[in-house]
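Chain IDs A, B, C, D, E and F follow the sequence of writing; residue 1 opens each chain.
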């Protein structure tokens, strides 16, 4: 099985984190192709940045999806998730969706622990767009300027653990989601100190992708995820045109 | 990996269907232990029957869960799902929950195709209790008395396919869930004739169970899924007492 | 009029509290038959315990409902409420449902005051399952280990009053529900010190049961509360079989 | 016990229907004082008419509530219900609220059967304002011009029964509410022909009023139903001024 | 264009504030007719007071709407808004509705800053009745007795600004609504000190009224805002009768 | 006042329709700058196409917004609306948002009349993302292949009128929204034949833009619509970089 993992951000250091975590959780026979956005920002916190990230995902997917069995969009917030489901005939998963669906199988209420205050609105809208606002106990976030997005785990481990305990004690969370690709792997590091399950997006997404590939459901040819109706287009890259015209 | 699969109904013929489908989708290294309820009804359609089924699951799980890595509750409607999560320290999955979470990763709106009109209310409440009522496009059901619950697929295949097409065309479903253990395997049989993904509870639940085992999240010791507080009990079977006192 | 009141817990001391409160509020001509669960736990705080309590209610109702005009399930959380409505042809009420419906006629937002932190999740899910989450201002709970469930009122009266005042001042509750059979009668004791209506489950449930009996609505023969369709069953007690086969 | 029953419409013939039904269901020791709006319209179908009806209720309540134990607002749609709860220190009930709360204790989904298509929007908003939209299966209505509001039952009995059966078979209603004071008593007449419980507003409201009086909850002195803060007023009738200044 | 602006309260000092603010924001060619309730209370904080205010609006509108192009109901909480839409054939706007619709075009979450704790329940119900509860970040209120409703801005400017900052920092509001006619104009005064858009009801309502007039949509002759069906009425003022019989 | 109107589709014929309608409704002193997407598809029906459209809007806005007072995104579905609000310091409006907010001021329930069945899912998600799903009566759509997107009005006028009448009679819509830029102006043409208000996105959006400009609310510097935090970016066009770095 071959998974295409796309980091919608331009941070190679974060791609390295993602790739390492992905390889750790993937089955032995799964191959991971890691791609990093060729344009965009260092890490996505807002809707505008997510829009750019979605476009970067589309360009890379159009160019590289061939020969892969599933696509993993490796930023929390899932930029372009539904869009890519319309144009690819392989399963497409995102970090947030995979994490919240997994969380739903582990507890009734989940909290999201994230890296910046600004990011909370975008995450909250993402969860709400999946119809799962009633399962979200809280979003708790760091509240400091991030100096080095690739080193956020070392710099803030204690603060992140404190947020986890607040989510349990004050928000009654049954499960915690450590959000954001820059925190990939942190769940594993701290879980022995936290009295409820702690999960993260990358490992959930890889497992979801593998499950969906094995499930082998046929690509939709009707309803809202069928390929967009054929119509004139103009000015698009070869990669996007290929997606529109498959 | 060892999975305990419990049929909360007393129908051995349905257990055979479930076991066959489970073995088909499970990884090579996964072992399936199949258990059938020792008391209860032929198939669960109502809340009263589900209450009995939940108790039958608890008795079997208390007696047999030891040595297993996850429990699969193999009736649509997931009798006893949250209850069992409180008292077992292994992942517990249900057919409905696994199917709807999988459906959420394949489309925005899902429909449930089921075997009797009476069953719709219970299924609808189950989906609503997971917070996913907004993703449910419709529940469409057969409307005939079932003569032989083990043979419902052969007797009603055409009618079930017609319900599938109505869910797509009239309810705008992106994904279809073939509901109920007696229909295990049907999704596979008809999917080539249906233009959207068609999934069923048994195969989704087996995959979810495998994923959660591999995820290895620690059992909750806090919040609402921690073991019930210790307190006096009385009159319970050895199996139930063991669950309460782990 | 004869009311069957079943305590789904095994605590005889709590049954005594319930029976005393029930007799106090019932009309002169109403007779109360009090039954205590013959198996189960000392007091229900979790979903697993509620599942056992529901089964204990079913066994007692199957054995003793004959000749009664209504059934009162006397534990907050209403274990088995919908299930029993399917199989009995008399009205069935629960403490939570009766209290929240009464609260809705006394104010726009109600708070629930309860005996343990653990119990909050189960109560919240119960209220949500009635479609009334939007009317729930808060659940406020004691946060101490309960030594003697039959004496919780004396030991914690001041703490419970403080919770009441917080629900009014911080959560804007119009009405307070003192939850849980072990607190039966407390509402009456403290209401003169609390500036909004304070109600409790037992007295609301007895009044609801009397009202529904007088209303004389016919038992449902269609839709989701009609008796479960006839089908094979196995391994059930005489009491449960009688319920399934009425 | 003395109940003040106010018809917010000017139809004396409807008041007679209400009074007869109220006396039929009330306990022997309950006295009914019937009052008819001194201004307003023949029957309320819209929000503007309901606003006038609310004012008529307030004028009559201000003049006549003294010496009564509860107020019944006897029009479906409950004109002025919350307003009157703020200014009276006795329980106030309405036909819709009483009927829907009773319906919630008899089934999971209720349908409302009503006398005109125009009235549906107002009823739907009323139910939604109580937070119970998720319990409403449907509103089904006659679709003819009403010649004589006092004789709607005789003229349309067959049509109303047909609507009941549609609500059961197509909308999966567990309970039916026959809505509107002009239909008072109809539920009783047709219930033997309908396979689910059929209730009506007047009888539910009388029973609710009696229950709340016996409950004896103290009038709120805090939160949103306490009396309005004292402040200058001008141009009001003696009756309204008395309500504002109690 | 001629706008009829009705203050549903009896405070002439508040009418003066409203009129000044309305004239400030209106287009040069717009004429404002200001009317003050001839009966009612000094300022509306509760549902009972709002019911009286709605009736006062109806009386004034019936008497004075002729020749105007739109009606502005100039109290937060919009007393009588839907009722008046049924009986006038010109656009009708309210302060709350106009402010929340404007807020929705300026940000995802809005907070309401108001003058008294008591008023919060009524405002919250108003927003919920518009279906916009999910956009409401919070309602923050002064918590002091108001001595002079016409001078609340001078007396409490600092406290109101502090509430604004709390709504941003603690409730994540994207937009702030300064609520209540007595605060008309305050938004303009403080907006330079607040880092998100600050709007108020009067200026939003005037602009909405102008927009709707220019839009020129025809008055509804079908569905729920068509004029109430003709029927007998009695005891109404000339003004109300004219509205009912247009 | 200068408004920048961007058609996110590449259809010059649709841009001409939009521009004509915009000029018709704009105030005399308002100048309209019309821009057409330089890349993308002929008309947006799906999420993938909307993602491309959003990017096209961003590129044009980054290049041309300078000197304008507001931006109008002139496709139903509002591609890029929230994203553009983060990076522009002028008001940004969209056709759907403007139309639904206007509809909310004209009636309680609105229906959307649209040009293709496929487009319904995207529109429904758009309305839901604004929190207004409870106000949406229905989406009714043509169900034919569109030959010429610039001539859809002439070819389908009768079918569109029939959809309008169904929305009123079967879905109880108080207001109708004629959706999609290709239908700009149709509302005006047919409104005399439809008994409820009929509005369209272009005219609502132009009026909203003018109102918001006159309101003069300051651009947000806090909460979720403040400019994205500064951080490294790479590979972006001059236009996008300018938006990110303002």
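Quick note on the criterion: a contact is a pair of C-beta atoms (placed from the backbone, for glycine too) under 8 Å apart; a residue touches a chain by one contact, two chains touch by 3 or more.
None of these values were measured; they are calculated from a predicted model.
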Touching both subunit D and subunit E, which chains are there? C, F
Tell me the rotation angle, 0 to 180 degrees, that brings the C-alpha atoms of subunit A onto subunit F, to the nearest 5. 180
Subunit B to subunit C: how many Å between their CA centres? 29
List the centre-to-centre spacing of subunit C and subunit E in whole Å, with centres computed as mean CA coordinates. 44
Report, in whole Å, the distance between the mean C-alpha point of subunit A and the mean C-alpha point of subunit D. 52
Overlap residues in subunit B, where contacts from two or more other chains coincide: 82, 108-109, 121, 125, 133-134, 172, 223-224, 226
Who touches whom among the chains? A-B, A-C, A-E, A-F, B-C, B-D, B-F, C-D, C-E, D-E, D-F, E-F
Okay, in this complex, where on subunit C does subunit A touch? 120-121, 125, 128, 133
Residues of subunit E touching subunit F in their complex? 25, 82, 85, 91, 93, 97-98, 101-102, 104-109, 130-135, 168, 172-175, 191-192, 195-199, 203-204, 207-208, 210-212, 214-215, 217-226
Residues of subunit D touching subunit E in their complex? 10, 37-43, 45-52, 54-55, 58, 80, 82-84, 86-87, 116, 118, 121-122, 125, 129, 145, 223-224, 226, 228-229, 231-236, 240, 243-244
Contact footprint of subunit F on subunit B as seen in their complex: 108-109, 134, 172
